[in-house]
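Shared between the two complexes below is chain A, which pairs with chain B and chain C, respectively.
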Partner chain A sequence: MKFTKLAAIALISLGATATYAQDSVKIGALIPLSGNYGFLGVSERYGIDMALEEINAGGGVLGRQVEVQYEDSGTAAQATRKATRMLQNDGVDFFVNGGGSSVSTAMAEFAARNKVIDLALDPNSEELVRGKANRYFFLVPPPSSMIANAFVPEVAKLGDSVFFLTHDYSYGIAQTTEQRRVLEEIGDVEEVGEIRIPLGTRDFSSQIIAVRNAKPDVLIVNVAGIDSTALLEQIWEFGLYNDMQVAIPLLDFEDSWAIGADKNEMIALAGVEWHYNISDKAQAFKDRYQEKYPNADFPVPTTNSVNAYLGVRILLQAAEAAGSLESEAVVKQLETMTLEESLKMNPLTVRAADHQIVQDFVIVKVKPEAEREADYDLYEVVTVAAGADIVSPEAEATADMSAFD
Partner chain B sequence: MTQVDTNTPPAPARPMARRQGAMAAKFAALLAVLLVLPFIVPLIGMNVGIASEIVIYSLFAIAFNILLGFTGLPSFGHAAFFGTGAYMVAILQYQGIENTAVALLTAALGGGIAAGLVGVLVCKKRGIYFGLLTLAFGQMFFIVALRWDEVTGGETGLTGLTRSTIDLGFAAFDLNDQMTFYYFVLLVFFLSILVIWRILSSPFGAVLRGIKENELRVQYLGYPAYLYKWAAITISGAFSGLAGGLFAYYQYATYPEFVFWVQSGNVVVATLIGGGLNSFFGPILGAAIFVGAEDLISSYTEHWMLFFGLLFISVVIFFPNGIPQAVMRLTSWIRGRTGAQDADKASEETGK
Partner chain C sequence: MPGFVEIVSQLTNGVIYGLILALVAVGFSLVLGVMGIINFAHGLLFALGAYLAYSLQFHVGYFGALVIAPLIVGMIGILMEFVFIRRLYGRDPLFVLVLTFGVAMAGEEIIQLIWGKLARSVDAPAFADSFIDFGFIIYSEYRLFMAAAAALIIGATWYLLAKSPLGSIIRAGTHDPEMVSILGMNLPLIRTGVFGFTALLGGAAGVVAAPLWSVRPTMGLDALLPAFLIVVIGGMGSFWGSVLGGLLVGVANAISVMFFPRFADLTMYVLAAVVLLYWPRGLLGKKSVLE
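Let's look at the complex of A and B:
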């Protein structure tokens, strides 16, 4: 008796999800909602919501509305477990994920095994377009090689010698390795030293003294997360920026906002994935964001919002073009996709060989205080490197992008 | 904690056969529940795969509880041994060794050796010193997993593992099938906890329990307590490694976070929720609640951490012996409200 009741409930709920899935297109978003990266998840959510609002206002995809199911990405193991449930029980059609390179690696693995599309919204890991790349996985942000190709030529204009501060784990090491490669290609800039910074370092005085003694023209900082905020604070305290130019290949607006407007003065050159001054579309996106989220933690869209927006837009545009939600058809469309609404200068394109998204990269420098129009107006654009010029050579893409079995 | 009443003579020991019979019945009941678990989880909106995770986590928690519940050693670095097992399976597979049995035995061996090495350095410590040292050693393993890119794959771990097909001649079992994998995991789990129970109910296990109650007295009785502690750490590490190996297969991958201190903390929480401090089977319930509640709550609300935290805090404050104690209190309270006067009295006694 009890069993039949339970079975009936189960059947009804199964039926309910089945009909629901037919009514709308469903995106499963595994983004960080707790823990260290929780604040990034909020930004990602803004971007996803803005993309969906636009698309649904324009009639949705394949004549159907699009909805998103948010879940906390947590750890890699938690993320794939939740993704399995969302795929098999909740009828999710596509996935996007945040939570850094470890969650993204796990989701890439999940995507390949289940033949379902996943787009990673926030890691810059080179590995994700090399060894870990696969047919069903796409990396939205630029990987380390693209950043290095855009940034290092600008560094070379600042001086003749560089010193690296490298975060001592996969991300930091990949950044420095790629930048060193470009340095060697350029040829006339000398590397005078490198110090590896262990994860979780809070006191950088010994490293800063070593850097000062090495007397480089340019200090390149490849340190991420909270460690990087602490490092920048101490570079400021020690006045290191008076002796050399401080260059940050990948600077998140979150970090510059955290250290405060005055301390940003020390940053001679920085790479950012996006800036609202690079095009009219970018400006319009910023205005829309400010109107929609007047109380957001960050007064301008951060890279994480932009990447989330772009990821969802390109995915759904591909589904529309494919005329289907079926993974294989959408992958084929994505591989030839060009997104005109790129929020950058040039349209975004997807490279079929390794599923990295070819995109512009922005180099900025600090804006003098007198010229700032608002408290968040910290940088002026030095140059925008076009995606086609900075993407790694296609011949280097060695990942197996064939169907998984 | 058990209270020792020195005034009343000890109760006559139950006949061995009867005790074993009761235990056998408990094992049989557990097996029966776990056999149907994959059919129960879909009914509450969860995925079948989670059943495997619950069972693997149960093995980890029971292995961990050899130290916490039975020897009284609070280890806060057990993810190191779990992770070592997981990396063993992955590294072997990257070297081309795909045999499941070999891989899992190596995982257990790796976990055991890692625990044995750490054990040499911590086996003379107890209490908070033991806890802090194991925490520190655990983080050492994490840094190695994160930094030794050539072997461990660094931050992004080792992915793309395969589960093989076990061919027994008369039948072949493809572990890629969720159900087959679950029953394979269940088999390994059940054999493991039988062995763990056998170890804990031996004279060796009695010494461990003695160490929990009063280490000094055990030493005065002539037992080299630190050697027993070392052996307990090693055995616990070996079974944790085995659980880690299964987890690598479950995830088709190994990540540094398997070795992270948070993982060490999770197993402590799961064990405590289940009432592992004075129960052999408690950690299984704890693991089921820990894994299940997290998945279930997070599918309803993004603020799952809040509810999860409240659950844990209320268990620790109100029911230090875990959910089973809460259930017992609840049933005696219900009986007290509905039953006759004598039932009321009985419930008051059990309430104490």
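Let's look at the complex of A and C:
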């Protein structure tokens, strides 16, 4: 009797899971929710939730509602372990991931191995569209070559000599390498030094003294994440910006917000993946965000929110157009996709050769205090580089993007 | 090859950075030397000091925060000792190590719940928020203030321990707890007080460091590792050892940035390895309570 009862409960609950799984489209989101990059995960979650709300309000995908299962990405090994569980036990249809280049590299391999689609939302690593590129993996943000192509010509206008502060891991090294390439192409700017900064450095006083002694016109800062907040605070503390122009090829709003409005004054030029002033749609997105999250950690959407939003939008739009949730069909659809609602000047496109999602890149400078409309209104747009103009030549794509059986 | 000017400015900066590190390490060292406790929650107390400085700066300014925040952290320390730590006196030191590590992890999550995940900025006090040009080096005023504050706090702590009557009782309690009790001293109270005082030191270090290293949830664990290594280099539980260890790490870091910047983060480990090869108890270490 007891056994029958148990069996009945088991059957009912199994049945319930099956109906549930069929009823909704499920995205597995592995984003940083703890540790040094936890604050980026907060931004990503805002963006994913906004995309989801809009899509579900419009009837979902293939007539089904979409839901997201969030997990803390943690380390690369933890991320793929969780992804495996989500794929096998939780019936996840697609993955998106944050957590930087190391988690994304592991997730790219996971996607290829399991023939399931994964979109990386926050890494800027070149390798992800070169050696690690594969049929099931897509890179939403611009990699270091696109950033360098957009940013360095503007930096070259600031002076005749540059000094690099390079974060000593794949991200920083790739950034400096690509920027150096563009500098050499331009020709008349001299590099007077580079210091590699170990990951996890908290005190930069020695490096700052060394930079000052090298007397460059421009200091280019390729330091990311939580280390960069401390570095910016200390560049301010030592007044380094009085002796040289400080240029940051990829500035997270999270960092400029953390150091406070005053200290942003020291930044002569910065690259950002998104700014709300670049189009009416971008403005409207900012307004929706502020309405939805009046008490958010960040008063305006950050690049990480926007990339997460765009990634989920383009993925689900492809699934809808493909009329299927099956990986192969959605990959084929994604490879020809254009997302008009890019929140940028130009539509978002996907390049089939390497699965780079091509988007515009924005160069900004600090807005004079008198012209600011709000406490977050720190930057004004210098120029917007069109994605198609800065993406690396298609001929350079080398990965095999075919399905391997 | 760096020039003479650069070498002098880097070494000066190394000494000042070392003083700041020593300030972080000295409370950690004290609780080890006097009470035989490896307090892995010391980093948490440091982080709490910094976060309280962040919140208090809007109400009482930097100097108000410098006084109030350490006092609050000291009280949190007293509570910690009263609730958790005192149950483990006389047991294997590993117990308290695991316990305080757990407290540190839980504390970091609590910090995230209260203040959120993103980094916060604490402004340097107005009188020291600029920089001075000495000709050979342009230096941050706040770091000079910090170095002076660190030296003052370290000196006052030493005086309290080594020269004051209360210090004699505390030190006697380390060597012979039984005799101190028989003499009518309230040993549990003294221990609570000492733990609270080291917590206060950790909190003060947090306030002083807040405008420099930016305030964020993981800063406690970030600070703990260097503090631990500095104590190992200087000698477990040796007061001046931790000051010496801090200065050595600061100067070694400056030298490595001049010659091998990529390996700057390795210098303290290399230093610790070399010191332990020749001085297994650290530079000024004596046979400690842990042996």
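One rule holds for everything that comes next: the second predicted complex is superposed on the first by the 389 of 405 C-alpha atoms of A that agree within 3 Å, B and C clash if a C-alpha of one lies under 4 Å from a C-alpha of the other, contacts with A are read in each partner's own complex, and residues count from 1 in each chain.
As a convention for this text, a contact is a pair of C-beta atoms (placed from the backbone, for glycine too) under 8 Å apart; a residue touches a chain by one contact, two chains touch by 3 or more.
Because the structure is predicted, anything quoted here is derived from the model rather than measured.
J.: Between chain B and chain C, positioned on chain A by superposition, is the outcome a clash or a fit?
T.: fit
J.: Between chain B (first) and chain C (second), which does A:G59 come into contact with in this model arrangement: first, second, both, or neither?
T.: neither
J.: So, does A:G323 touch the first partner chain B, the second partner chain C, both, or neither?
T.: After superposing on A, A:G323 lies clear of both chain B and chain C.
J.: In the overlaid three-chain picture, which partner chain does A:A258 touch, first (chain B) or second (chain C), both, or neither?
T.: A:A258 sits against chain C, while chain B stays out of touch.
J.: A:E127 in the overlay: touching chain B, chain C, both, or neither? Say first, second, both or neither.
T.: Once the two structures are laid over each other on A, A:E127 reaches chain B alone.
J.: Where does A:D168 make contact in the superposed view: on chain B (first), on chain C (second), on both, or on neither?
T.: both
J.: With both complexes overlaid on chain A, what's the closest CA-to-CA approach of chain B to chain C, in Å?
T.: Minimum over all C-alpha pairs of chain B and chain C: 6 Å.
J.: Do chain B and chain C touch any of the same residues on chain A, and if so, which?
T.: On chain A, the overlap between the chain B and chain C contacts is residues 34, 168, 199.
J.: In the complex, go through chain C and note every residue touching chain A.
T.: 2-3, 5-6, 9-10, 13-14, 16-17, 112, 116-121, 123-124, 130-131, 137-140, 142-143, 211-214, 216-218, 222, 253-254, 257-258, 261-266
J.: Along chain A, where are the residues that touch chain B in the complex?
T.: Spelled out, the residues of chain A in touch with chain B are 6, 9-10, 13, 33-34, 70-72, 74-78, 80-82, 84-85, 88-89, 101-102, 105-106, 108-109, 113, 125, 127-128, 132, 168-171, 173, 199.
J.: Which positions of chain B touch chain A when the two form their complex?
T.: By the definition above, chain B touches chain A via 42-43, 45-47, 49-50, 53, 143, 146-147, 149, 154-157, 159-160, 247, 251-253, 255-258, 262, 294-295, 298-299, 302, 304-305.
J.: Residue numbers of chain A touching chain C in their complex, please.
T.: Answer in residue numbers: 34-36, 38-39, 41-42, 168, 195-203, 205-207, 209-210, 212-213, 226, 229-230, 233-234, 237-239, 243, 254-255, 257-260, 263, 297-298.
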